[in-house]
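The structures considered in this document are given below.
You will see two complexes here that share subunit A, one where it goes with subunit B and one where it goes with subunit C.
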Partner chain A sequence: MNAVLDQKLKPAAPRRKKRGSFVERTLKTLVSEAERALFAEELARKDGLLQRLDPRVKIVGLLALILTTTLARNFFTIIFIFAVAITLAILSRVPIRTLATRAWLSALTFTGTIALPVIFITPGNVIYHLPLLNWAITEQGITSALYLIMRVETTVTLSLLLVLCTLWTHVLKGLRVLRVPIVFVVILGMTYRYIFVMLDTARNMFEAGQSRLVGSLDGTESRRIAAASIGVLLTKSFYLNTEVYMAMQSRGFRGEVYTLDEFAMRQRDWLALGAFTLTAIIAFWLGRQDSLASWLNFP
Partner chain B sequence: MHIPDGYLSPVTCAVLYAATAPFWAIALNRVKRLLNTKLVPLLSVFAAFSFVIMMFNIPLPGGTTGHAVGVGIATIVLGPWGSMLAISVALLIQALFFGDGGITAFGANCFNMAVVGSLVANAVYRTIANRAEITSTRRVVAASLAGYAAINAAAFCAAIEFGIQPLLFQDASGAPLYAPYPLSIAIPAMMLGHLTVAGLAELITAGGVVAYLQRSDPSLLKMTALDAPGENSAEKSGWRGTKSLWIGLAALMILTPLGLIAAGTAWGEWSAEDFSNPETREQIAAASLNQMPPSAPPAGLERLSSVWTAPIPDYAPAFMNSAEFGYIMSAVFGTGLIIAFFLVGGWIAKLMSRRNVGASPEN
Partner chain C sequence: MSENIFDVQNITFGYDDLTALSDVSLIIKSNQRIAILGANGSGKSTFLRLLDGLYFPAKGTISAFGEPLTEDALQDDEFAFRFRRRVALVFQNPDVQLFNPTVFDEVAFAPLQLRWAKDEIKKRVGETLELMEIGHLKDRSPHRLSGGEKKRVALASVLILDPQVLLMDEPTAALDPKSRGQVVDFLISWSGTGKTVITATHDLDVIEDIADFCFVFQNGRVVGQGTPSEILADRKLLESTNLLHSHRHTHDGGDIHSHDHLHRFHEHEHE
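== the complex of A and B ==
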């Protein structure tokens, strides 16, 4: 890599800090991903409502709510589930700010951008004309955009609650209730661990490159470095795989996988399961009521 | 490209889970047979690798950067089945722990990127690289195009999944409940981004990494290039020739609900009753250069129509009162039958070829 970096170096531009090179940007992404996961770990150890529940109840319960959100055919229901999600977050000591920055804002920017044109192009009852452009805003357009945004916000909040309030090892073990084959659970667990090893390896690689870089790279060169870094990471993965396999074999791995299943349902878990089921049933029933569609009235 | 929850209806999600499941099963079986006890560490490490390279900012011409899925390079190094599993595991971790891509939409995301992506990448890479030397430029070109084609095929599938939502799912006031854009908008909008930015990122990743590996570690490219000169070609599997069929099948299955959009009955697919119904008579006339159909159904048609009653008449079983649901279920059922047919066919072909090899020792 050194030889590559030494070639074609241009003299550094006088403190021209544009958006940073691709190396810097990748470094930033790698670090922030790792940080996000570590933050979740911290929150999962707090003492809150969801944290105290059996992971299996959380997985089944929150998934049921996600499913009813996607099934709902009116607004009222989606808002109802959203309110349930926020209540759960407050009771589980998840800072609303975390939800706002990590889920709501990013979902709103992404889905909001996608949903914006819908309010003009959906045919239906015109409720307003944009003054200069004379574009018509329809009732159906606004409803449709709101459906998409609210649904995404609600499901993102629910799935974030699961991860923020559960240790990842427990999430994985809890997947067994969904009949995920045990070999997949083990693969997922190992993958999750190796993601951090690889994030670290990639970060070191980019940091090493960055520290030897004096100028800015041209496009072709940076593409070559990006491809070469992926190539190096791939080669390292193969070595890592061989080492891991040998380590596993030396400990007696013969292809069968066993896990300790220490989860036990207590009274509060059964209560929570009942509450989740009841909420999901109510939400499902509400979601089928087409009469509630007129709940959102336009002038 | 990572479809979040809320964009696709639960029915679409269920259908795509069902469509992906057989591929997962086959992939797991094949990879397990090849790797035996090595399966768990290899898949874990490669899923982690796929996950991490999805984070990389790939510098693109023009100064921007884009993210690659890495399905091209994963297919070239691991083969389509290994890549399918590795990418699926990476996608599940993204959906579960990092909030990229929805949980209900996980099946759809796997179908688009892991299944369709890997199969298309494999078909393109094999067709273009066709027996080229491991270190030849042709392999770099083949890899680049494989990555580009794979991500665009995946985007196209996603666009169709988005595009059929407003047709099938609306609330009482007629407002679309899920992804609101029709096919005429969803396809160009998705493809524009993928034919340019995302496609280029994938092209650069796949081509660049193959070029790098040719110089530094060609052995990694040999696993899926058994037909390259200088290599002992190992036993070819009975599946090799059927891969393009799989791709076609997947595409057809995805496209099936498009049939709902077409108005009226397909030309020439009239039933005996259509000839007596004034409304369908008009339609037939309009589609037949204003030639009015005969007032009575052709005698032969009437006679033959009673000979065979399909078990799933008009693609919609009687017990399913929703036509859309029945249509999609019929597609899944039909596909299942076809897959079963090819499985049996492939098995017979394999048996016969083995017998032929045994009969002619000079081969």
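== the complex of A and C ==
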């Protein structure tokens, strides 16, 4: 009998390690994103150029550069703003590798997917025909795609610099000071806060399930468990929502939120604001110069 | 003569089909240190929320400081501000209570809602953070704190109002021994300043330190009351309310052996 049992309980032949279920991979990604958020906070506490500035200056300055990038009508201006962004990153001790992996690569993947058809469908001077398919690639198509990619890369870099070099709490306060509606800012802050709580709950639920699992489940069963877990998580989030609301009520919340805004502009903040404004004005002026575009031989 | 802080008369409360509290009556006076004892699901937390004006009884009445505590009364700004200023609740799960981006904002939240002057708030936040020895955490995000730190921030977030009544829901639950000791020390020192502290707990090891009088809850009813020493001496009551338990226990020194015993009353024959 024991021999039979031993035979049955004998571990199966080693199999190729699986990449894990969809749920497992999703959770791992979410956890790694949470770790990235931690890394971002570390960067925001470093002693760099942007970190030393008042959050309001950073928000206004970087937004001005983003706006200028989107309005620019020639490559030179976009490249100029991109160079400014890289300089700011270096002076703020943001690793270029971080920008490359978190901004440039992701932006290139997503924007590239969108921009690819533009190369073929934009009418203009044909410069090449794809073999077999015989699709025409136009000069104007390539220019439009490059504009889109460069604009997105530059604006994403500037946005990422703001997030990486500013504590999240200061971003929220900065938005508040800049008259973004308080309800929006509070919802944004609480969402960020409770994502971590719910993520922890999701991870615990998943690990509890894994600890009681022997072997692997088939697709149908995995999906059934994933759906049930999502349902439980949703119920828990409703419960948490009610509890948080009661905790707010208990401390005097009556539908209106009041906050303390305690930023003070120093000399370097005024200087930085001036530098941002000047750069944005120059870039805006350059961006409207059609002669630059023709000089660089772009339409 | 002590003022009646809460006068609870024949209250009943339920969640959908489940009755959480049934015909509960008790009076809590000023400067009292009260422990609400009961096993999980006995109605302790629900009772604290009723006292804090977060739930309202389906039957019966609650008066706070001589005034009826009702949903209508709390609609009135003047009454609500007065009541929230005087009564504070610390939730069992600090994650529920810490919803602001930083510890500083968390502590400033209540006085801001009660429209205190901003200079006064900044001053009081600083003082409260120092009192709770968490000044170094003021710019941290609450979700990055340890369990003990979260508990202290949760306490600071209500103590800034210097409330007359502090309601504590399982204050020592899920804390490491040091953090647990700090919370108990705080409760002892704070209640010594003439405040009323009402603590819901099933931790019998701390009730002599934090309470002068106890109410024992079971299935939403008050099934016993008395001083901590009276309650702790009533083994039958504690066993029937699942507050006392028998479990296997290992001794060291000489022969190592295991046997059933009652945890608090360590009275048994060793061979």
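We take it that the second predicted complex is superposed on the first by the 257 of 299 C-alpha atoms of A that agree within 3 Å, B and C clash if a C-alpha of one lies under 4 Å from a C-alpha of the other, contacts with A are read in each partner's own complex, and residues count from 1 in each chain.
Note that in this section a residue touches a chain if its C-beta (ideal position, glycine included) is under 8 Å from a C-beta of that chain, and two chains touch if they have at least 3 such contacts.
Model, not experiment: these values are computed from the prediction.
A.B. asks: Could you tell me if A:Val197 is touching subunit B, subunit C, both of them or neither one (first, second, both, neither)?
C.D. replies: After superposing on A, A:Val197 lies in contact with both subunit B and subunit C.
A.B. asks: Now for A:Val177: first (subunit B), second (subunit C), both, or neither, which partner does it touch?
C.D. replies: A:Val177: touches no partner chain.
A.B. asks: For A:Thr155, using the defined touch cut-off, is the partner it touches subunit B, subunit C, both, or neither? Pick first, second, both or neither.
C.D. replies: A:Thr155 contacts subunit B only, not subunit C.
A.B. asks: In the superposed model, which partner reaches more residues of subunit A, subunit B or subunit C?
C.D. replies: B
A.B. asks: In the overlaid three-chain picture, which partner chain does A:Ser237 touch, first (subunit B) or second (subunit C), both, or neither?
C.D. replies: After superposition on chain A, A:Ser237 lies in contact with subunit B alone.
A.B. asks: Quick check for you: in the superposed arrangement, does A:Leu167 touch first (subunit B), second (subunit C), both or neither?
C.D. replies: It touches subunit C, and subunit B stays clear.
A.B. asks: Go through the superposed model and pick first if A:Ile86 touches only subunit B, second if only subunit C, both, or neither.
C.D. replies: After superposition on chain A, A:Ile86 lies in contact with neither partner.
A.B. asks: Once the shared chain is lined up, is A:Phe253 touching subunit B (first), subunit C (second), both, or neither of them?
C.D. replies: It touches subunit B and subunit C both.
A.B. asks: If we overlay the two complexes on their shared chain A, which of subunit B and subunit C does A:Ala228 touch? Say first, second, both or neither.
C.D. replies: The first partner, subunit B, only.
A.B. asks: Taking the superposition as given, does A:Ile282 touch the first partner, subunit B, the second, subunit C, both, or neither?
C.D. replies: Neither partner.
A.B. asks: Do any residues of subunit A touch both subunit B and subunit C, and if so, which are they?
C.D. replies: 168, 190, 192-194, 197, 240, 244, 248-249, 253-254, 257.
A.B. asks: Okay, in this complex, where on subunit A does subunit C touch?
C.D. replies: Spelled out, the residues of subunit A in touch with subunit C are 38, 41, 167-169, 172-173, 189-190, 192-194, 196-197, 240, 243-244, 246-254, 257-260, 262.
A.B. asks: Hey, which residues of subunit B end up touching subunit A in the complex?
C.D. replies: My answer: residues 4-10, 13, 36-49, 51-53, 55-63, 65, 70, 73, 77, 89-90, 92-93, 95-99, 102-104, 166, 171-181, 185, 204-205, 207-209, 211-213, 216-217, 220.
A.B. asks: For the complex, which residues does subunit C have touching subunit A?
C.D. replies: 49, 52, 54, 77, 80-81, 84-85, 88-89, 91, 93, 95-102, 105, 108-110, 112-115, 118, 121-122, 139, 141-144, 157-158
A.B. asks: Would you pull the subunit A residues touching subunit B in the complex into a rising list?
C.D. replies: Touch residues, subunit A against subunit B: 22, 25-26, 29-30, 33, 36-37, 40, 63, 66-67, 69-71, 73-74, 102-103, 107, 110-111, 115, 118, 121-122, 124, 139-141, 143-145, 147-148, 151-152, 154-156, 159-160, 162-163, 168, 171, 183-184, 186-188, 190-195, 197-199, 202, 219, 222-224, 226-235, 237-238, 240-241, 244-245, 248-249, 253-255, 257, 290-291, 293-294.
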